[in-house]
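Note that subunit A is present in both complexes that follow, paired respectively with subunit B and with subunit C.
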Partner chain A sequence: MPEGIFCNRTPINTVEALHTLLADKSGKTYYAEMNALEVDRAALKATLDKTCKSRIRTWLEICAHCGMCADSCFFYLANNKDPKQVPSYKIQSTLGQIVKKNGDVDNAFMQMVMDTAWGKCTCCNRCGMYCPFGIDMGVMFGYLRGLCYSQGFVPWELKIGAGMHRIYRAQMDVTSEDWVDTCQWMAEENEEDWPGLEIPVDKEDADIIYTVNAREPKHYPEDLAEAAILFHIAGENWTVPSVGWEETSLAMFAGDWEACKLQVQAVYDAMERLKPKRMVVTECGHAYRATVIEGPYWAGLKSGKTPVPSFHYVEWVAEALRTGKLKIDPSKRIKEPVTYQDSCNYIRNAGLKECAREIMSYIAEDFREMSPNKEHNFCCGGGGGMNGLGRYREQRNIGLKVKRDQILATGAKLVVSPCHNCWDAIRDLEEVYHVGIRWSFLKPLLLKMVIVPDHLKSEE
Partner chain B sequence: MFDKILFATTGTPICDNAAHVAFDIAKKYNSNLLMFHVLGMPSRGFSTVVKDIRTGEVEQYDTDYISWVKEELKNTYEKYLKDSSSCDIQAIAGVPATEILRKARQHNADLIVMGAHSRQEETGAARYRGAVGTNMQHVARGARCPVLIVSRPCTTCLWYFSNIVFGTDFSKASFSAFLFASKLAKEIGSKLYIFHALDMGAVLAGKVLSQEDVEARIQEARKKIEKIYLPHLRDYDNFQIDIWEGIPYVEILKYSRAKNADLIVMAHHTKEVEPDQAILGGTVEQVVLRASCPVASVNHPDKVSG
Partner chain C sequence: MYDFVTGPLAWLAFSVFLVGVIARVVLYIRGLDWKLDRVTYTVNVSYGVKGAIRSILQWIFPFGTHSWRSYPFMTVLVFAFHIGILFTPIFLIAHNLIMWERWGIRLWTLPEPAADFLTLTMMTCAVFLVLRRIALSEVRILTTGYDYLVLTIAVAPFFTGYMAHLQVADYRFWLILHILSGEVMLVAIPFTKLSHFVGFFLSRAQIGMDYGIKRGGMKNKGLAW
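Moving on to the complex of A and B:
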């Protein structure tokens, strides 16, 4: 059987196909079928010829196997320094071999590659910082995931996730109507406490276009309400688009570049259509990386930049605090020791470390840095889609040990975590290891301590 | 009055009394009943699994699982369903309070019926106890329609409803509660008790109040009731006004027992508190947990005016 019913090389493009795949509980049949999935060697070779250019070929060639990257990888540290977890080994034994053999690889090999690309790497790019040659194995793993996806060797959940983006332009089944309705609902629910509160949809020429993670309208709409209230207090002229409101990209985790392009194009179209001065995205790490850092290249934008300047939520918060748009009541600042989870995607890979420190200087009295921190921080343990992959749950939980020990060493019981995947990983590490910590996004913390101007207070 | 009733259930014994009342009311008022269950908590980040609210187990969220949960609900409520003419069952993943409010809004429900969903409940999912504990509070505060909370077997509910106690603290939300209580009383022809408890804890604030002072304040409250509420009763005269002093939740419980109340109507407009303190939260929580009749929490005029 060259291709299976569930496991094949065809992306999910219809609701029917999506439901069919979802109905295969935990991907049981999907993974069984994968054992018989043939590698399309000619296609793999053609893809390599077309896309594997000098940068990656050079990186693979010049790696001196010096092992400097070993200690940079949290999987290596968490797995008792297993040599098979050394980043250079992981990439040489997978992508290195595919390139060397020019695509002439078999099914068993591709399954090993998949298990390495998703089960032993979160694409946190930390190893790249420590390589004396500047070889970025995170980037190469991203590329490798794309090769795997094109051959149908992709974890079941991510095939679904990429399909969601293709169908809904969102990582979950949230339609434009659902989204707009949720905006109206949240405005209604909070209008009594916040007179004049609005969630303006499709307003042209606003100062800010706000975009989110689909999990917010789907399951956590209060996050949207909190964002609205904070914009309201800050007096921002803002809007959300009815279409192109989703910034995340499971397609990026899956290596489905076509879906990646479709997804970011929807957001860029919204920018072009509504002509805001700038874009602000919610507290999500990979959403920012996908739409702001990688997206312009997927969409073929020559400038390498989004159509309007784009900001992560921490940039907006830091600016609002700095300019006094948001003022913190000094008596309500966080008194207990508190630490901050630097998300790989917007700190290491986008350089926003100082924004995070600036925010903490306003809201916390006893801020404790993790060690290492900023761009040197370790991945939460759940990045790159790993949190959601049942097949690698055990490996993920082992990897969490590094973050656990980092947090415990600070002495803080509260972790500020402005990233959905970090938030989940830290929640899960508490569940697995019971260390007695709490975690929070910024918005609920800010709402507890921000000074509300008199004219915005409700009567009662 | 109650064309569409949303019965929000955890599917656990804590909701048994609520189920009884929900099906009874639906029968009496010939209402369309929607049984709604939020089955699992989703993650914040990417995942296709949810944590089952009842068992605490991780489950793959798909149509199979939903069908299985619905089947379980059918078995649990079999004795009511066989006598019920129209009851739809729906189950969905999410944060319970959020999904209940979303469904009530989409469904345009006239009444939500739920159990106390308190932290006393043993769900086995200790991790989510906090979320479950604030559930009732969150729904009561946010719902646009009255929320009927049933935590104990109703011993006086022979005919829904014959003695309605409306407790007021004169807040804006309390006026919505009054609109509901008076509308219901007029439609059914039940006796309406308008009650206010002078909060001695808050009034005292360290100083001793003389008996004259207490009586003056009681007089003042009576005048307020006469001014705010009575004009809206128009010619309906089957009502009684009483003002007692003490700790509000104790007084309203004593009063409703004395009057054989089968429904207490109050507003629930206190700000949300930390999950750990929720159990000791406002007057409504205390009344809900201790009352021997259902408590309707009404905070918005949308579904009760006119």
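Moving on to the complex of A and C:
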């Protein structure tokens, strides 16, 4: 059987196909079928010829096998320094072999590659900072995931996730109607406490177009309300698009580059349509990475930039605090020791470390840095799609130990985590290891301590 | 034999080295693809150049980066090894005398004891690099015979040169072996991992541009390598 009914090389493009795959609980049949999935060697070779160019080939070739990347990898550290977790070994034994054999590999090999690309690497890119040659194994694992996806060797959840983007232009089945309804609901729900509160949809020429993570309308609509209230207090002229509101990209985690392009194009189209001055994205790391950092390349924008200047939520918060749009009540600042989770995607891979420190200087009295921190921080343990993959749950939980120990070493019990994946990982590490920590996005913290101007207060 | 290895063979080795290295650089740059690599190499050039320079400069000095500082022993080995391998042959008095005899040019030269010291240090470092490969599990798992071969190719000219210099045994034998091994090394540079002779700079420049242009360089002062 060259291809299965569930496990095959065809992306999910229809609601029917999506429901069929979703009905295969935990991907049981999907993974069973994967054992018989044939490798299309000719296609793999053709893809290598077309896309594996001098950068990656040079990286694979000149790697001095020095092992200096070993300690940079949290999986290596969390797994008692298992040599098989050395980043160089992981990439040389997978992509290195595929390139060496020019695509002539078999099913068992590709399954090992899949288990390495998703189960032993979160594409946090930390190893690249520790290699004297600047060999970025995270980038190569991203590329490798694309090769795996094109051959149908992709974790079940991410095949679904990429399909969601293809169908709904969102990582979850949230339609444009659902989204707009949620916006209206949240505005109505809070208008009593916040007279004049609006969540303006499709307003043209606003100063800010605000975009989110589909989990927010689907599971945490209060996050949207909190964003609206903070924009309201700050006096921002803002809007959300009815279409193109989703910033995340499970397609990026899956290596489905076509879906990546479709997804970011929807956001860029919203920018073109509504002509805002700038875009602000919610507290999500990979969403920012996908839509702001990598997205322009998927969409073929030669400037390498989004159609309007784009900002992560921490940039907006830092600016609002700096300019006094948001003022913090000094008596309500966080008194207890508090630490900050530097997200790989917007700190290491997008350079926003200073914004985070600036925010903490306004809201916390006893801010404690993790060690290491900023661009050298370790991945939370749940990046790169890892949080959502049942097949690698055990590996994920082992990996969380590094973050657990980093947090505990600060002495802080509260972790500020303006990134959905980090937030989830830290929540899960508490669930698994019971170390007595709490975690929070910025929005609820800010709402507790921001000074509300008199004219915005409700009459009660 | 001496005339052959220092004549036609030497010219051939130097030509292969030079053409090979230039080809390496050209092919690398031609193989860069802004869309596949997701770096706008030719847009936002000033950020790219800044990122590339920072990426090379910080790494070219011992202890200049977090990584070098994390592995002090390895850092000393790597830098002592490379200083020996690069400076000794260029500034060796014997090599400069040959250049002077043949072409009438010479560079500043190292005092002989200094050259001896650099050579011995370089060879000692090589021994430790081998021991490190054997002793550390994270390095052992990566190591193949090819790594030892490349190290042997790099060390051979120094070992044979030192033996010739000592003049304790058959000087002629060691001298010819020295010249041959030097030529092997030159030829090996473009075709083996030794291509990091230029690959280091190309790869570091590329990742520096990546960070300088795309991954934050336009929004902060640059990555703290």
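Methods note: the second predicted complex is superposed on the first by the 460 of 460 C-alpha atoms of A that agree within 3 Å, B and C clash if a C-alpha of one lies under 4 Å from a C-alpha of the other, contacts with A are read in each partner's own complex, and residues count from 1 in each chain.
Note that in this section a residue touches a chain if its C-beta (ideal position, glycine included) is under 8 Å from a C-beta of that chain, and two chains touch if they have at least 3 such contacts.
Quick caveat: nothing in here was measured; it's all calculated off a predicted structure.
Peer 1: Which holds for A:G134: it touches subunit B only (first), subunit C only (second), both, or neither?
Peer 2: Second partner only.
Peer 1: Quick one: is A:Q151 in contact with subunit B, with subunit C, with both, or with neither? Answer first, second, both or neither.
Peer 2: It touches nothing on subunit B or subunit C.
Peer 1: Per the contact definition in the header, classify A:T410: touching subunit B only (first), subunit C only (second), both, or neither.
Peer 2: neither
Peer 1: Based on the superposed arrangement, let me know which partner A:T306 touches: subunit B (first), subunit C (second), both, or neither?
Peer 2: Neither partner.
Peer 1: Can A:T282 be said to touch subunit B (first), subunit C (second), both, or neither?
Peer 2: Neither: A:T282 stays clear of subunit B and subunit C.
Peer 1: Kindly classify A:G382 by the partners it touches after superposition: subunit B alone (first), subunit C alone (second), both, or neither?
Peer 2: A:G382 sits against subunit B, while subunit C stays out of touch.
Peer 1: Comparing subunit B against subunit C, which has contacts with more of the residues in subunit A?
Peer 2: When the residues of subunit A touched by each partner are counted, C comes out ahead.
Peer 1: Jot down the residues of subunit A that show up as touching in both complexes, subunit B in one and subunit C in the other.
Peer 2: none
Peer 1: What residues on subunit C touch subunit A, complex-wise?
Peer 2: Counting only subunit C, the residues touching subunit A are 27-40, 43-44, 55, 59, 66-68, 70-71, 74, 78, 133, 136-144, 147, 193, 195-196, 199-200, 202-204, 206-208, 210-211, 213-220, 223-225.
Peer 1: Could you pull out which subunit B residues touch subunit A in their complex?
Peer 2: Per the touch definition, subunit B meets subunit A at residues 42-49, 60, 62-64, 93-95, 98, 101-102, 105, 127, 142, 171-172, 269, 300.
Peer 1: Tell me, which parts of subunit A touch subunit B in their complex?
Peer 2: Against subunit B, the touching part of subunit A is residues 19, 22-23, 25-26, 157, 160-161, 171, 185, 189, 192, 215, 218-222, 248, 250, 253, 382, 385, 387-388, 390, 420-425, 427, 431, 459-460.
Peer 1: In the complex formed with subunit C, which residues of subunit A make contact?
Peer 2: That would be residues 51, 53-55, 57-59, 61-68, 70-72, 76, 81, 83-84, 86, 88-89, 92, 128-136, 293-294, 297, 300, 302-304, 348-354, 372, 374-376 of subunit A.
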